[in-house]
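Please find the structures below.
Look at the two complexes coming up: chain A is in both, with chain B in one and chain C in the other.
Let's turn to the complex of A and B:
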């Protein structure tokens, strides 16, 4: 098994893209339907390319890659993100 | 970088003065980005170890064998050097100081760093919420913040602190050295006075999964267990 971290490590790369803190968002896996907090995805790296996999079925849910030309964001493995109002408030503190 | 001090043989605490730092929540981290002369970049996440002190933040870096960023930060970076950082980051693995729930902290190795931030925040704000730290280390020499935790634990209203040794224990220790066991997390004491605790678990991936499974088996609800894995075994 290769080394992995979790979705907490996505906070930095995603801070460039989202105006609210993204790791507290609920994300639903397209493959198995499991909803989980982004912080609890299983994340393989290292940067500049991170893959967040579903803790239930291991399918990729989100991919973030930073290249010299900019940032790639692949959300194809997710059906939806739910940004709660608490998350929005916390990030504006 | 305004300071560097040794916590153990392999863990260093770095103090960083940051312009326009507006504070952070206990448990948050920063990303440190190093750029080589040829343009090669490496980014690593480091937990903040303490509340900010007048624009100065602290991270504790465990030197990893072959770790390109940790070796630079612990062995080469000098006071006065400029570092490129981003943060504070992450709002999920954070302790809400207004939450009156008892707090159970479970750390493996340098996973104690974000949990120490919570303990120090509690101490500085003089919060009385019951708090218990269980820290798994290889040997007594690997107790990051050992002296400070011992001092805080001795204070009235201080945290309860337990070290678990996986390889070598002090002669006074009755628990035989070994990996985390279910009984290490539930010692039968009524430290929570019956209230449901919030649990924070941080450490290498394997340790975190084991600890989280023990907590679930002991009846803790998944919604009350927050985890942060930093890779490794």
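Let's turn to the complex of A and C:
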């Protein structure tokens, strides 16, 4: 059994990129269509990078790697992200 | 079954000379995973070689076990900075798997059960430099380390030695694999410390 954590493990690196709280965003898996929050993703890593996988089909939804040149972000496993108004307002206070 | 020991590593120089820059020695074998460990039954396992759209060869587990195998002793180096010396494996040389293959391809995309991929120059898999390994330390290769079988390319960082290997696709274009498309180096030579793009 591989060790993994929930999507809150993505909070740190995503906070460096997004101005909103990203882990509460709803994301739809491109492979199976399941909608979930980023916090509910199954996350592997942190090295060589963080890989957030769909809790339904295990395909990767988001990948984040931090290298000396900066942060690499792959959202290709998702069809959309929904940043709720609540999260957006909270981050703008 | 024929077992060949090539003496690939030759005489070992002093340990310090065997440690690439930025690496530390460990006796552990850390497990790094980008996803769940796939459960692959040997009676359902297949390994294949393709060239473009053409399927060249495919082996079942029993067919693969009937191929000539080699005992391999090599140092391995992970991009996360640990190195292990004198690791022992048994497997089949890629030279034997690709014998008599006539191809215009210059690159290989290794594909794994579970969806992982990594890209390599074809020449880095030939001339006794790479194997499909199915034993480690005299035991069946554990699933967490890539069993039933993994690619073993010890002269490059270990992310190139794809666990749970499923196929080698011979390709003309060098398309980046799983980590190579997320900031990691396209080639990954530990002696030149090619960890990330631009190194």
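By definition in this document, the second predicted complex is superposed on the first by the 89 of 93 C-alpha atoms of A that agree within 3 Å, B and C clash if a C-alpha of one lies under 4 Å from a C-alpha of the other, contacts with A are read in each partner's own complex, and residues count from 1 in each chain.
Heads up, the rule we're going with is that contacts are C-beta pairs under 8 Å (C-beta built on N, C-alpha and C of every residue); 3 or more make two chains touch, one makes a residue touch a chain.
Everything numeric in this text was worked out from a predicted model, so none of it was measured.
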| item | value |
| --- | --- |
| Fit-or-clash call for chain B and chain C when the two complexes are aligned on chain A | fit |
| Touching partner for A:6 - first (chain B), second (chain C), both, neither | first |
| Partner chain(s) touched by A:15 [first = chain B, second = chain C, both, neither] | first |
| Which of chain B and chain C A:39 touches, first, second, both or neither | first |
| Partner chain(s) touched by A:48 [first = chain B, second = chain C, both, neither] | both |
| Which of chain B and chain C A:28 touches, first, second, both or neither | neither |
| Per-pair minimum CA distance [chain C against chain B, superposed on A] in Å | 8 |
| Residues of chain A that lie at the interface with chain B and also at the interface with chain C | 3-4, 47-48 |
| Residue numbers on chain B that touch chain A, as the complex places them | 25, 29, 31, 41-43, 45, 86-87, 89-94, 205, 227-233 |
| Residues on chain C engaged by chain A in the complex (per definition of touch) | 31-37, 79-80, 115, 144, 159, 179, 181-184, 195-198 |
| Contact footprint of chain B on chain A as seen in their complex | 3-9, 11-12, 15, 21, 23-24, 37-40, 46-48, 87, 90-91, 93 |
| Complex contacts: residues of chain A adjacent to chain C | 1-4, 42, 44-45, 47-49, 51, 53, 58-60, 63, 65, 67-69, 72, 74 |
